[in-house]
Amino acid sequence: MKPLLEVHNLTTYFYTQDGIVKAVDDVSYDLDPGETIALVGESGCGKTVSALSIIRLIAEPPGKIESGEVLFNGTDLLKLSPDEIRKVRGAQISMIFQEPLTSLNPVLTIGRQLSEGLESHKGLSRGEAEREAMNLLKIVGIPHPEQRVHDYPHQFSGGMRQRVMIAIAIACKPKIIIADEPTTAVDVTIQAQLLELIRGISREFNTALILITHNLGVVARYAHRVFVMYAGKIVEQGTALEVYHRPHHPYTAGLLASVPRLDEPRKTRLLPIRDQPPDLIALPKGCAFHARCDYSIEMCAQQKPTLVQVAKDHYSACWVDQKGHTPWQKKSS
Amino acid sequence: MTVVTKIETVSARPHHTLWGDAFIRLRRNYLALAGAVFILLLALAAILAPLITPYGFADQNLDEIMESPSWKHPMGTDELGRDAFARLLYGARTSLSVGIFTQFIVIVIGLPIGAISGYAGGKTDNFIMRFVDVMYAFPDILLIILLRSVLGGSIYMLFLAIGLVAWVGVSRLVRGQVLSLKSRDFVSAARAMGGMGNYITWRHLLPNSLGPVIVSITFNIPRAIFAEAALSYIGIGVQPPTPSWGAMIRDGYNLIFAKPHLIIFPAIAIALLLLAFTFLGDGLRDALDPKLRR
Amino acid sequence: MFKFIVRRILWLVLVLFVVSLITFTLMHLVPGGPWDREKQLAPQVVDALNKRYGLDKPLYEQFGNFLWGVVQGDLGVSYSFQGRGVTEILLKGLPRTAILGILAFILAQAVGIPFGMAAALKQNSTTDYASVIFSTIFASIPGFVLGILLMILFSVALHWLPTGGWGSPLQLIMPVICLAALPAAQSARITRASTLEVMRQDYVRTARSKGLPENVVRVRHIFRNSLIPVVTVAGPELANLITGSFIIENLFSIPGVGRLFVQGVFARDYGLIMGGVLFYAFAIAILNLVVDVLYAAIDPRIRFD
């Protein structure tokens, strides 16, 4: 099967007064129709920027997509004219953002924010679009949609607003939905509901999903394949189960050890990864992770590791791993 | 595993204090710098006026009235034969002293009232703020004119009249600062460690609200200068023979067709001085705005 | 909404009361009475005048009488415009001041808002720098100084425009520009700043992610939000226009409220001064009320409780 979306060697930089921030550096991944993939990593590792680059929502300046290609059904989205990419956004590829509180326009009604995309892409009349908006609110589980279309965002709770964001994302039945940390900003009790809603919708409409998260627990449950990002690069990729059970990168292992897991005895201590992520302006010479890594060897400080296949459909970029050692695995299995 | 030399992951970029950062920012802002230089030069010229021009601001020479600019009188003479350049220099004294002394009054009144209001909260705060609201509803110039007629004609009373109107803004600002800072962690920390009310105010709150107050004062100075010029222009500002740019414009207005230079020079002087303060104020605001810090 | 307006009107009444009390007190602290002239009037004449205008009564009674008159729309009697009512005098000047103010406000917004937006949408372009520099200049130069410079250019040097007076549209051009310069500059600065701020907001990115045409994003999502701060300063701007008219009306010899008021101040005309102050305070309070209601109309988050 030909992938729906292929990202090849995507590189996005931000030019700030302090220097060049290499937010996304030579990143490649692909997505099949109806598949769910996850981009995982700490905040600031470039996962959001890589997703925004796909539909070219990077603010220019200071951002700039330096190189690479993003093939959507064979068309390079990075080569489209502004008007052509506009017709892809929302209609073919849509996005759910992290902050439901600030991602909705405070001075427009919910109905208007839902209907405007429909009017623009599907050519619906205002009345038709409004009826469709009510229908969408019903799909995402908002009670009394016929009244609530006339409400403003501040009249909704955080979880409800995120449901509205989901409704906006699915309005034009896109082929791909990018969900950028869709549950980070809402209450823990609501998080599972929203994720189930997103998964249900993607199954029902056969929509492919790019799930951006820092929570590997979520990944294991919802994603088919996972891409672990660190300092703008993919350091490990593979099927969710493989990566989850047999991480081939110490960073992945660290992420796994730092989140609570249900399949382990309660006594197991959570192990945070020490120190802070590196400065994306002044990246170290070798592996970006080596200064925080408990297993680093001489080579790690000298040369950047590249992605190498370690098992079927499983790749990792780690010198230690490539020497055949995976001392971190016993800790997490 | 082999231990490698640990490399500092924290960035190597230099970090500065708020004020250090602000100073660097300000130095990069050429307009603000130009404004500051202009103000300093003008202040110097005003102080050293007797050395720069041989004429006094009130010296009349009835043999040389309404002369056009010349080497002897670079800006000409007015209808009483006074040297316009000398009057402009001495007039700068009036403008600058109005700008500075009114701000003393503003600080003496506005700072404590705002700080007390914000720190005390409750009924005190409510009462003070209602009063401030009424003052706000009163148009500035109107109140200055009223106070002016009550306080009489001396220039000190003019400072007082303008100052008594302008403190309101600063007190609101300080109150807001105190309120927002009061709830911040470091103040709670100081309090938890046993710091007492006054101590907290003076040691932590005021230094932290200093930036916005300085910016606000920098913007207040040109407003006071403008108020003096405007009042003197309508004839209720400084009284003759004290020189004032506003009064020079008033005097020159009748001769606008015959001797426009008598009015052009003071008009441009006011414009430049106010512009210089705006540039400096903008620069300071940008430099001290913590939102711009990274 | 209704409750909000009622509460605001009650507050307005209180403000006006305090303003008239302050004014009344200040006026009676002024050394010298309204009959001080270069030529001393005979004591009998002064007594007679005091009696005629009720100035022989105790102060609280004078104040009470004044307030009672105000409630009935009578701002008292002018002492310098012999025997004429303050209300009548001010109403005569009002249309001129109002026309100046309204034209200046429209001009200011019509120039300021588009310039500010254009500057923000093309940040760091020539348009942007030009807009920033011009708005800084016009925000700092006082209206009367600008008036004089314009007058020297258009009246003295070019003889295109009259230096003042009232009656023909030509006479309106310079005063309106002088009054509009400051609010135009302020609007441009605020519009630019708020547009830049709004353009960074998440909901603008959301709007773009829906694939809306750029002009829809700008008009529907950016423009409306960036106007909110512009509306909030419209109140103070209008107040500035009103007080600015004091000086501009003097400069261009326009017989409006401001010029009358300044004449009253010179003549120590208590009646006119008190009436004028109250009139100004009232006008400004009403304008602020209108602005607040307007503000609520464009920002649904504003609640009236």
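By written order: A, B and C. Residues from 1 in each chain.
What we mean here is this: a residue touches a chain if its C-beta (ideal position, glycine included) is under 8 Å from a C-beta of that chain, and two chains touch if they have at least 3 such contacts.
Because the structure is a prediction, the values reported are computed rather than measured.
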| item | value |
| --- | --- |
| Of all other chains, the one whose Cα centre sits farthest from chain C | A |
| Dominant chain pairing [most C-beta pairs in contact] | B-C |
| Inter-chain centre distance, chain B versus chain C - centres from mean C-alpha coordinates, in Å | 23 |
| Mean-CA-position distance for chain C and chain A (Å) | 53 |
| For chain A, residues contacting two or more additional chains | none |
| For chain B, residues contacting two or more additional chains | none |
| Chain C: positions in contact with at least two other chains | none |
| Footprint of chain C on chain B - complex, ascending | 133-134, 137-142, 145-147, 149-150, 152, 222, 226, 229-230, 233-236, 249, 253, 256-257, 260, 263-264, 267-268, 270-271, 274-275, 277-279, 282 |
| Touching residues on chain C, where the partner in the complex is chain B | 15, 18-19, 22-23, 26-27, 29-31, 136-137, 139-142, 144-146, 148-149, 151-152, 155-156, 163, 239, 242-243, 246-247, 250-251, 262, 265-266, 268, 273, 277, 280-281, 284-285, 288 |
| Interface residues, chain A side, partner chain C - complex | 55, 57, 59, 82, 86-91, 94-95, 97, 99, 102-108, 113, 116-117, 120-121, 152, 154, 165, 168, 171 |
| Touching residues on chain C, where the partner in the complex is chain A | 200-203, 205-214, 216, 220-221, 224-225, 228, 298-301 |
